[in-house]
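In the two complexes that follow, chain A is the common piece, with chain B as its partner first and chain C second.
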Partner chain A sequence: MTPRRTAATWRSRRRSRRLGGLAIDLLIALFALAPIIWGLSTSLKPARDVLAYPPQLLPSQPTLEHYALLLRTGIHHFIVNSALVSVLTVVLSIVIGSLAAYALARLSFRGRSTLMFTTVALMSIPLPSVLVPTFMLMANIKMTNNLLGLAALYTAYQLPIVVWLLYGYFSSLPVELERAAMIDGCTRLQTLRRIVLPLSGPGLIAAGLFVLTFAWNDFVVAVVMMSSEDVKTLPVAIYGYLGFYGRDWGPLTAAAMVSIVPVILVFVAFQRYFLSGMTGGGVKG
Partner chain B sequence: MSPDKSITASTATPVPWRPTAKARPNRSHESTAFAFLLPLVALEFMLVVVPLALAFYYSLFRVDYFELTSFRGFGNYVTVLTSPMVLKAVVSTIVFAAGSLVLTLGVGFALALKFEADTRTSVAMRSIVLIPYVISMLVGSLLLRWLYSSDGGLSSMALSSVGMGDFSILADPNAAMAALVSNAVWRDSAFAMILLLAGLKSIPLELHAAARVDGASAWMRFHRITLPMLRIPILIAVVRLLIHFVNVLTFALVLTGGGPNNATQTMGLALYRLGFVDFQLGEANALATLVFLFNIALIACNLALFKQRKSP
Partner chain C sequence: MANVSFSGVSKVYGDAIALAELDLSIAQGEFVALLGPSGSGKTTTLNLLAGLIDADEGEIRIGDRVVNDVTPDKRDIAMVFQNYALYPHMTVFENLEFPLKARDRNVATAVVENRVGTVAETLGLGELLHRYPRELSGGQQQRVALGRAMIRDPKVFLLDEPLSNLDARLRIRMRRDIKALHKAIGSTIIYVTHDQAEAMTLADRIAVFAGGRLQQFGSPAEIYGRPANKFVAGFVGEREPAMLSGSLSVEGASLRFAGPDARFDMPLASARQLAHLGGRAVELCVRPEAVSVSNSGAAIPAVITDVEIDGPGLFAYARVADGAELSFHLGANQSLRVGDALGLGLQGGRLTAFDPQTQLALARW
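Right, the complex of A and B next:
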């Protein structure tokens, strides 16, 4: 066997292995995305084709009629509610979270390690197990069916991870700039606002996006707290459609797409920020 | 006068800028820290700690639509613990959590090994498999319900190719439980993958290279290097997934509705129904307290692992 031939076989074997790897990748992607693609396809089919058998994999006559129906029945109100709650939650948790994270990263005080420990413990509290008592509390203080009340709850649930992420980020910043600012007469608060926060872009984005998607996606807390029509968030409205439209899957899948498309776009654009939120680790700027 | 005296004093005595184990608390630090931490502590206390305390308090009473009517002591606990509905939910939860844990971890591990390298394909594939995790849990379960529903045609078509065209997945107790587990695996495998990837990346490449030089097979290297080095990340994934699977409500509520015949009613759903459908708030709070005590054990494991990871 000549060396040339060996190299050629080796190369062709490598190419076939790469093709095999590609096939496996495609299969994995199909498993991950099939329910979403099938839902997207359904949402674009005219009503008479939705329940057709055998099913059309792709809509033969794509139409936006289900999306139009959702708009006529006022889905935009729920979108606005969701957006309001999400933005409010992000603002609240970034403001409260950066104050706390700064104190933990730069100040020494009694009970600091206890507080860090409690923060980590609060991170893993499973929400469904606290819904009943939380609802009783919120009903007692008349904060159910209130967008601000819902945002406050989301903030309380997301603050531990926000504090942890920002703490990691703030601790990694060089302290000299802050020292200089304080010698120039800045208070701690001014130092945080003028020096630390402007340097913490990636950390703030990671924390903010994590909170934003949580608030936009949450269903279990919202379905319990928000029962009146004018304050429902998008996921609660979609759950309502499930009862209302029943087997009418055209509008149902269209509403599903309205909820997930923005999240997927944001996720694809800011992937690495999401990962740091999931592992609770720091982001490299 | 400078608002922060530690600055003017810092020329004379060094002030701890970064708190260290030895640093002694400093009075001006303490008052600033108190002000900075107050919003966090107040919010967490009011919206997380108070509800948990309330749950225990309410669980001792008969509650008729938010009115505490009569003191029952531990009567609600007895009612809950002897209720066939709760016991059935415990069994369903164990089946669901065990099945989901094994499969999610297995699939997540396989994905982590497959997409460990930072090539362009691997990075893209990681984001693709993460999409089911980042979208709303409600919508994910809704889309799976449509995929599995016998109305949709897609599952019927697939089943008729094996001669089971009339079989309805969500109407059969065992198949519905399998569907519920598949929902968990579909959504959370990528989460397990991310937790394990972080661990895989921290294994020094030299270890594998040295083992290869010594003639260790791929299986030997996996068994003797990868697995032992990943002990903590694997345990972290196990505990975090368990906390999630034991409590999750959305999968069962949306995909199967707990049915058929309550076969897939897991603990999260049982708790939700007891409180917000049946309005048995005294009993619901008793069950919530019991579930929370169980969670505390899991959370304690999580904390212990967290400490180990932070101080290797």
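Right, the complex of A and C next:
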């Protein structure tokens, strides 16, 4: 066999392997996206077509009537609530989480490993199991039906994972940079703010997105804590559309579409950092 | 006046003694090298002085002040790290101004620009001020690290193996630059290295460390010529010396060395001084420059086992009758081959005998 033919054989083999991989990727994507595609299609159909048989993937008479209904019933109000809670949760989690993670990564103090272990162990407690006692506590301090209270709860739930992610990221930074900063005249906190945090962008973004998606999507905690209409978050409100005019799929799917758009946009904007943040510190000194 | 002093300073990690009862006093403006293999305590000493780790015992002073409980930012020191530790998210300019701005947030822009300009000019960094560290070569990064240390006028400069990441040529050039820098600024410099040649060429005084203990503190000439113990003799010097165990005895006009793998007579320069060593077990350190080719009757018969090109001349290894191996330099105009038989002579003035138990120097002649 001449070298030329060998190279050609390799090329064609590589091409077919790539095509095979692409086919599998498409299959997985289709599987994952099917509910969303169905939801999008349903949200654009007139009410009478929703349950038509055979189902149409592309609506024959697309309409925005369900979206118009959402606006008339004040969905923007719930979006604002959700956005407030989410942003507040992200800020609280990142501020508290980075301080805690830095202390665990760089300071030596009695009980550090116990604290680290406890933090990790907290992640394994299933959320619903603490929901009722948490509700009683929150009710006692009058923090139910309160956006700040909900954000505080979300922060508490998400802190272990944030601390864990940032701990890994901070530990991977060369310690000499921090030593140099301290010798150059920085205190610990200044070192964190001027050296560690600017170099931890991908880690902070990964942790922030994690918290953001949780806070934006959470239904269980919100439905327990928030009963009055004016503080409901979007997922709880969507649940409300299920029974708005009987079993009304149109408004429900339209609301669901509205709720996933911001998350998708944020992920698309930050996906590059998100990946490198999850795979751990790539910063070289 | 001592500018930096350690008295009885110890540092322990678990069961491992990183530094044991260090006493060391460094004068104002002195260039001191801390020399030793890895794990010898030299870097621990530097980190203790920088305040990056805390001493378990003893007292550390900078100037008149005890600094044991002073945080690094308040010690008025500057440090250059082995991997330079340049802030990757800042330009060269921002790296250089960082120590000024970190200490005084309201420092005048004109002052900063003036100071950065001066340092950049001294180190030839003018063209690079707006680049990021990742866009610089190793030698340039090294210069920026030095510049960042120089930007303030600190009491003490600490340099932690600053040249070990550079290639051999550049290392020798930077060595001269650092020496010139010391001359120009006149500050106290403490320089950690495992490279004895670096310590020899740069330092006013060298502190040799091993196993967490200070072995000897003295000028390069003292360290080389009058090693305090066997470790120092073996560690300092371009080539490893031969260490021969045996016993000494005075035989008429010569000193006889007899051991399991070598026996020979040496001319006895001052018998009285060495009389107390008669019959004593010793370890004899024979540096290459103490060995030469000799045709005299007292020459030690040997066979060449290896020859290396060493600059303009040669460097040869020879095995003596009882098995020990000695090495020596040869001039450019001599030629030797493996297997050649010849006689070797030992020159006085360059031999040191050590006590095999305590490892301490007993006599040199």
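The rule is short, and it goes like this: the second predicted complex is superposed on the first by the 229 of 285 C-alpha atoms of A that agree within 3 Å, B and C clash if a C-alpha of one lies under 4 Å from a C-alpha of the other, contacts with A are read in each partner's own complex, and residues count from 1 in each chain.
By definition in this document, contacts are C-beta pairs under 8 Å (C-beta built on N, C-alpha and C of every residue); 3 or more make two chains touch, one makes a residue touch a chain.
Since the structure is predicted, the reported quantities are computational estimates derived from the model, not experimental observations.
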item: Which of chain B and chain C A:177 touches, first, second, both or neither; value: second
item: First, second, both or neither for A:198, with chain B first and chain C second; value: second
item: Which of chain B and chain C A:42 touches, first, second, both or neither; value: first
item: First, second, both or neither for A:83, with chain B first and chain C second; value: neither
item: Most chain A residues touched (candidates chain B, chain C); value: B
item: Partner chain(s) touched by A:187 [first = chain B, second = chain C, both, neither]; value: both
item: First, second, both or neither for A:116, with chain B first and chain C second; value: neither
item: Chain B versus chain C as contact partner of A:131, first or second or both or neither; value: first
item: Chain A positions touched by chain B in one structure and by chain C in the second; value: 179, 182-183, 185, 187
item: Residues of chain A that touch chain B when the two form their complex; value: 22, 24-25, 28-29, 31-36, 38-39, 42, 51-55, 95-97, 99-100, 102-110, 112, 115, 117-118, 120-122, 124-137, 139-140, 152-153, 155-157, 159-160, 163, 171, 175, 178-179, 182-183, 185, 187-188, 213, 216-220, 224, 235, 238-239, 242, 247, 249, 252-253, 256, 259-260, 263-264, 267-268, 271, 274-275, 278-279, 281
item: Partner chain A, residues of chain C touching it in the complex; value: 50-52, 71-73, 75, 77-79, 81-89, 98-99, 102-103, 133-134, 148
item: Residue ranges of chain A touching chain C (in the complex, touch as defined); value: 174, 176-177, 179-187, 190, 194-195, 198-199, 283-285
item: Residue ranges of chain B in contact with chain A within the complex; value: 2-4, 7, 16-20, 23-26, 29-30, 32-34, 36-37, 39-41, 43-44, 46-48, 50-52, 54-55, 58, 66, 111, 114, 121, 125, 127-132, 134-140, 142-144, 146-147, 149, 151-154, 156-157, 186, 190-191, 194-195, 198, 240, 243-244, 246-250, 254, 268, 271-272, 274-276, 281, 284-285, 288, 291-292, 295, 298-299, 302-303, 306
